[in-house]
Every structure is written in structure tokens, then in C-alpha cells.
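What follows is subunit A paired twice: with subunit B in the first complex and subunit C in the second.
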Partner chain A sequence: MKKKKIGQAVGVILVIAMVCVFWQLIDYLPVIGDPKSAPNSHVSKMYIVDGPSMTHSPNLVTGVLADFRGFDTLWETTVMFLAGMAVSMILSDKLKRHWDASIFGEIRTFGGADVKAMIPLIVPFILLYAVYVLFHGEVSLGGGFQAGALIALGYILYAMVAGLTIKTVKVTQHLSICLAALGVFIYALTGILPMFNGGKFLDYGRLPFGAEATAELHTTGILMIEVGVTVCVAATIVTILEAVLERKSLHDGNQ
Partner chain B sequence: MQVFMIEAVLLLFLIATTIVIIFDKDLLSSAIVYCAFSFCTMLLYIVMGAPDVAFTEAVIGVISTIYFVIAIKTTDRWCK
Partner chain C sequence: MTVINDFLAERGIYMLTMILFFLGVYGIATCGNYMKKLICMNIMQVAVIFFFLCLGQKLGGTIPVTVTDIVLAEEYINPLPHALMLTAIVVSLGTTGVGLALLMRIKDKYGSMEEEDVIKKEEKEL
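Now for the complex of A and B:
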């Protein structure tokens, strides 16, 4: 009991010290939108002025994300995949081999009759919007991550409300982990393909597709990596869901 | 000045929702208030001029709320 009190006191003191430190340091941060601050004077200028001509990308954000930081995005996707795999490994050490419909009884379904009637109507529009976000990723906001999250959202909503008794939609934990790995593979393959054509890693202008226009090849390459990110993100989110649900079913079986 | 006022209101709302999330004994209402927190963060990103991040935040906020609801459904709703 006494140790707990001391720990709480130390925690409160640490929090107050952190607040004081932040309070002092916040003056050193540049004001948002200040044209004279360090990030706005060198790097941003280069991105904004030279970015479109260097990357042949219709959108500046896409150019930075997929071209200047393409390698960074590749490992972000890998981190997503590894996170999903880690959750899967921690939550279900005795993984069920096969998907079992009986573990989701009627009790596990969510919502009343109205929700169950509405969600199947909404889900196709969510998926359509996901495809729109994916294919307009270069010219508007959005892209692979958001599209993957929307696809996973549609799957989760449908699966939770329809009670997972549907025989047509069955994504096991194994399958979704393999899909996530496939997404990372698509991304890495897009990076490696230009190397057979005399280019560098993720050099979209050298993709061996026979097209002459560099801008077209850039669009194709960015679309390919975004498809990879989409597959990886959607499969990872579904993996976490399946891990949670199968763990609960395992717990029930032990009782 | 108007942007500053909007940001101030949104930040105050963030603090209020965080306090509700922490001290609510009903975990389901806590999860729903977390959704409001996420929505508020999204508005803040839009005010700061980052619609890309705001879009991600909107989608991920909904998905994490669904995860919380699933977790509450499979365990216990009330905090002891």
C-alpha cells in the first residue's frame, strides 16, 4: 500500500515536471505557417518548386509520399504487416486450423433488426468509396492507407452485423496474414521491377511496361504501390479482428 | 483570429472528452465518447490544413471505436 502511494506521488511529480519542461520549450517551436522557419525555408521550397517536374506526379503530397519517401512508405507498410502478425501471435498461441462458423452464435451479432437491415445497404457504398479513394489517390487526398481501412471497415461492419454466419465471406486469420504479406510483396515487386530495366529501386520511370511517357509510368507505379498498401492495411485490420474473436472463442472452449 | 478561436474551442473539447473517457464507469459510453474525441481531432487536422491526415483519422477513429465495442461486447460493460 505504501509503495503504491510513493509510486503515485512520483508519477504526479513527473507529470508536473514534464508540463513545466514543455511549457518552457514551446516557445522554441516555429509558429505554424511561419515562412521564415527552418522547415519552410529549405526543404519545402525544394519540394514545392521542383517536386512536380522531378516526380511527374499530379499531386504534391503523392509525389512526396510515393516518390521522395517511397522507401520510407515501403517500411511503413512492412511495419503494419509486422504489427498485425505480432497481434495475431500474441492473442492466439493455439491458432484454430479452420474457420468455424459455430463459434459465432446468434449472441455475438450486433444491433437490432433496423441496424441489420441498414448495414448491408451501406456496405456496398463504403466499398465503392474505397475504390474511388484508391484510384483517385494521385490527384486528391486519400490513397492506399485510407482505401484499405475503408475496405476493412466494410468487411468488419458486415461481419459483425450479419453475425458471421454467411458462408460466402470467410476470411481466416491465416488467409488475412497471407494477404497482408502479399500487399508488402506487391510494393516491393514494384520497387524491384525497374532494376531489371536499368533503373534504381522504386524508379517508376523505368518500369518495364513499354509505355513511352514517363508521367504515365509514374502513375502506374504509384497505383501499384497503393494497391499493395491497400491490400496490406485491409488484411492487417481484418487479422486483428479475427485474432480477437478467435481468442475469445478459445477462452470459451477452455471453460 | 477566427481560426485561433476555432482551434481553442476544439482543444477545450478534446480535454473535456478525454476527462469523460477516463472517468466514465460505463465503458460503452466511454468508447462512443472516444469516437467524438477522434472526430474532434479530425476537425483540428482540417483547421491546421492537413486534410489527408484528417481523412485517415476519420476512418481509423471509426475502426478503433468498432474494436472497442467488440472488446466490450466480449468482456464486461461496466467498470468496477
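Now for the complex of A and C:
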């Protein structure tokens, strides 16, 4: 008990010291909303003015993410894939064959609506919205990461809230890891394809699809890597969920 | 009063993100439960994301999607922090997943997630 009090006191002193340091430095931070402040003036002007003509993508965020920083996003996607694989490897010591929904206890009904009947009606609309977000990532707001999270949300609603299993395809964690790897592969393939046509890595203007217009090729390239990111993110979230559900938990007893 | 008002309008949001960030630091330093430590780490990540998004703000700026009749760079908010933080949010999801998986193993091995119990049991084994 005494040790805990000392720890708390040290924590408070540490936090106060850091607050003092921050308070001294707050005048160096730029004023909020000032168009002439340092983060808004140097390179960001170039991204905004020249970005649309260089990337052929009206959405500046997607232009930065997929074109200027395409190499960076490739490794971010790989990090997601590795995180899913790490979770699956950490939790692989007590696998059971396939999870059943009974671990969530009895399925409750909310205000008269039966969850098992309602969720399959809602999920198609969530998936439709995810596809909308994915294909609008380049011309307006949206993108691959968000679409992947939405698709995974549909699966989580289906599996966790309603306690349903997909009958036609059994989504195990191994299948979803393979899907995440496929997403990274689509992304890397989009990067490598222009190299056969005399371009550089992720040089969308040199994609060997026969189209003449550079804008069209840029749109195709950005869409391809967005699809890769979507597949990877969705599959990784499903992997994390499945890795937890496919493990023998304390409540299962000695099966 | 105008001094305080000006300060809050110009740099007030930094104070809020600072409070959020140091709330996370304090929690990591003092909480004895590994689950709470993980939650505090997430709060710190959210504070960092807020901080970056504050830097991209512009007065009177619109969303960073190009429209034909707006050409000046001052009219759009800065897209760079948004592009950087978009990936940071998703990666924080991955790291939280790995952390939770490790917590499940700790709970299995030691039967508890309290730091004291884990240390006590470890010392007993030695």
C-alpha cells in the first residue's frame, strides 16, 4: 500500500514537471486557424496547388496518401498485416475447432426487435456504404482504410452482436490472414506493374493497361491500391476478432 | 478578460490536448492494472492525433477536396496532417489488438492482470 502511494506521488510530480515544460513552450506553437503559420505555409501550399494536377485526384488527402506518400502507405498496410499475424500467433496456443456463439451468453432482444432477425437486414446496407466509401475515396471524401473498417464492422455485427456464423464460407483466422496478405500483395503488385513498362515503383502513369490518358491511369492505380488497403484492413480486424474467439477461454471448462 | 479570451481562441485547444495527453501519462505511471495502462496508452495516442489535426486547421478553410471555383491555397485546410493521422488511427488499432492479445496470455499465465499479483507470483516462482 505504501509502495503504491509513493508511485502515485512520483507520477504526480512527473506530470507537473512535464506540464511546466509544456507551459513554457506553448508560445512557440502556431496560432490555431492562422493561414500564414509555419505548418500551413511551406510545403503544404505546394501539395494543395500542384497536387490535383500531379496526382489527378481531386481529394487532396487521397492524393497525398496514395501518390506522394504511396511507399509509406505500403508499409503502413504491411504493419496492419503483421499486427493481425502477431495477434494470431500470440493466441494460437489453445485453439478450438471453431467458435460457437454461446460464449456471449443468451442473445438479448432490444425493445422487442430480434437481433438475430434485424442484423442480417442491416449488414447489406453497411457493406453497400463501405463500397460507396471505397469508390469515392478518390473524387470525394472516403478511402481504403475507412471502407475496410466498415466491412469489418459488418462482420463484427454479424458475428458478435447477433451471434450468427456464416454458413457458406467458414471465416477462420487462417483464411482471414491469407486475405490480409492478398491485400498487401495487390498493393505491391500495383507498385511493381509500372516497372515492366519503363516506369518507377508506384508510377501510376506507366501502368500497362493500354490507356493513353495519364489521368485515367492514375485513377486506376489509386483505386487498385485502395482496394488492396481495404482488403488488408478488413481482414486484419476480422483476424483479431477470430483469433480471440477461436481460443479456449476460461469459461469453456475442460473440453 | 480579453487576454484570456485571445489566449483561449489562439492556443486554447493545445491546453485541452495537453490535459488529455498528461491524463494518459499519469494513468500509465500510476495504474496497477495492465488493462487500464493499455487504455491510458490509447488516450495518449488520441491526444497526439488531436494535436496534429489542430495544426492543419485554417480559418474559413473548406475540406481538402478540390472544387473548380476555389483555387487559392488559403481556402483549403492543410491535407498533410489528415493524411498522416489517417494511417496513425488504423495502426493504433493494430497495436491495441496486439496489446490485448498479450494481456490475454498474461491473464492465462498469472490468473490476474494486477501488476502486484503478477510480480508476487513471479517472485514466488523464483
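Heads up, the rule we're going with is that the second predicted complex is superposed on the first by the 220 of 255 C-alpha atoms of A that agree within 3 Å, B and C clash if a C-alpha of one lies under 4 Å from a C-alpha of the other, contacts with A are read in each partner's own complex, and residues count from 1 in each chain.
One rule holds in what follows: a residue touches a chain if its C-beta (ideal position, glycine included) is under 8 Å from a C-beta of that chain, and two chains touch if they have at least 3 such contacts.
Computed from a prediction, not measured in an experiment: that's the story for all the values here.
> Since both structures carry subunit A, what do subunit B and subunit C do when superposed there: clash or fit?
Overlaying the two complexes on subunit A (C-alpha atoms) leaves subunit C and subunit B fitting together cleanly.
> When the two structures are overlaid on chain A, which partner does A:D34 contact: first (subunit B), second (subunit C), both, or neither?
second
> Look at A:V244 in the shared chain and tell me whether it touches subunit B only, subunit C only, both, or neither; answer first, second, both or neither.
both
> A:L193 contacts which: subunit B (first), subunit C (second), both, neither?
Neither: A:L193 stays clear of subunit B and subunit C.
> So, does A:E76 touch the first partner subunit B, the second partner subunit C, both, or neither?
second
> Determine, under the contact definition given at the top, whether A:G142 touches first (subunit B), second (subunit C), both, or neither.
After superposition on chain A, A:G142 lies in contact with subunit B alone.
> For subunit A, which side has the bigger count of touched residues, subunit B or subunit C?
Counted on subunit A, the partner with more touching residues turns out to be C.
> So in the superposed three-chain picture, is A:I156 touching just subunit B, just subunit C, both, or none of them (first/second/both/neither)?
Only subunit B; A:I156 stays clear of subunit C.
> Between subunit B and subunit C, what opening angle does the Cα centre of subunit A see in the overlaid model, nearest 10 degrees?
40
> By the touch definition at the top of the document, which applies to A:P58: first (subunit B), second (subunit C), both, or neither?
second
> Mind working out whether A:V87 is in touch with subunit B, subunit C, both or neither, as first, second, both or neither?
second
> Rounded to the nearest Å, state the minimum C-alpha distance from subunit B to subunit C in the superposed three-chain model.
So the smallest C-alpha to C-alpha spacing between these two chains is 6 Å.
> Identify the overlap between the subunit B-contacting and the subunit C-contacting residues of subunit A.
Residues 32, 61, 141, 143, 145, 149, 237, 240, 244, which sit in both footprints.
> Any idea which subunit A residues touch subunit B in the complex?
32, 61, 108, 110, 141-143, 145-146, 149-150, 152-153, 156-157, 160, 237, 240-241, 244-245, 248
> Of all residues in subunit A, which touch subunit C in the complex?
Touching subunit C from subunit A are residues 4, 7-8, 10-12, 14-15, 18-19, 22, 26, 29-35, 37, 39-40, 43-45, 47-49, 51-52, 58-61, 63-65, 69, 72-73, 76, 79-80, 82-84, 86-87, 90-91, 93, 139-141, 143, 145, 149, 233, 236-237, 240, 243-244, 247, 250.
> Could you list, by residue number, the parts of subunit B that touch subunit A in their complex?
That would be residues 48, 51-52, 55-56, 59-60, 62-63, 66-67, 69-71, 73-74 of subunit B.
> Looking at the complex, which residues from subunit C come into contact with subunit A?
Subunit C reaches subunit A through residues 9-15, 18, 22, 25-26, 29-30, 32, 54-59, 61, 63-66, 71, 73-74, 76, 78-83, 86-87, 89-91, 93-95, 97-98, 100-102, 104-105, 108.
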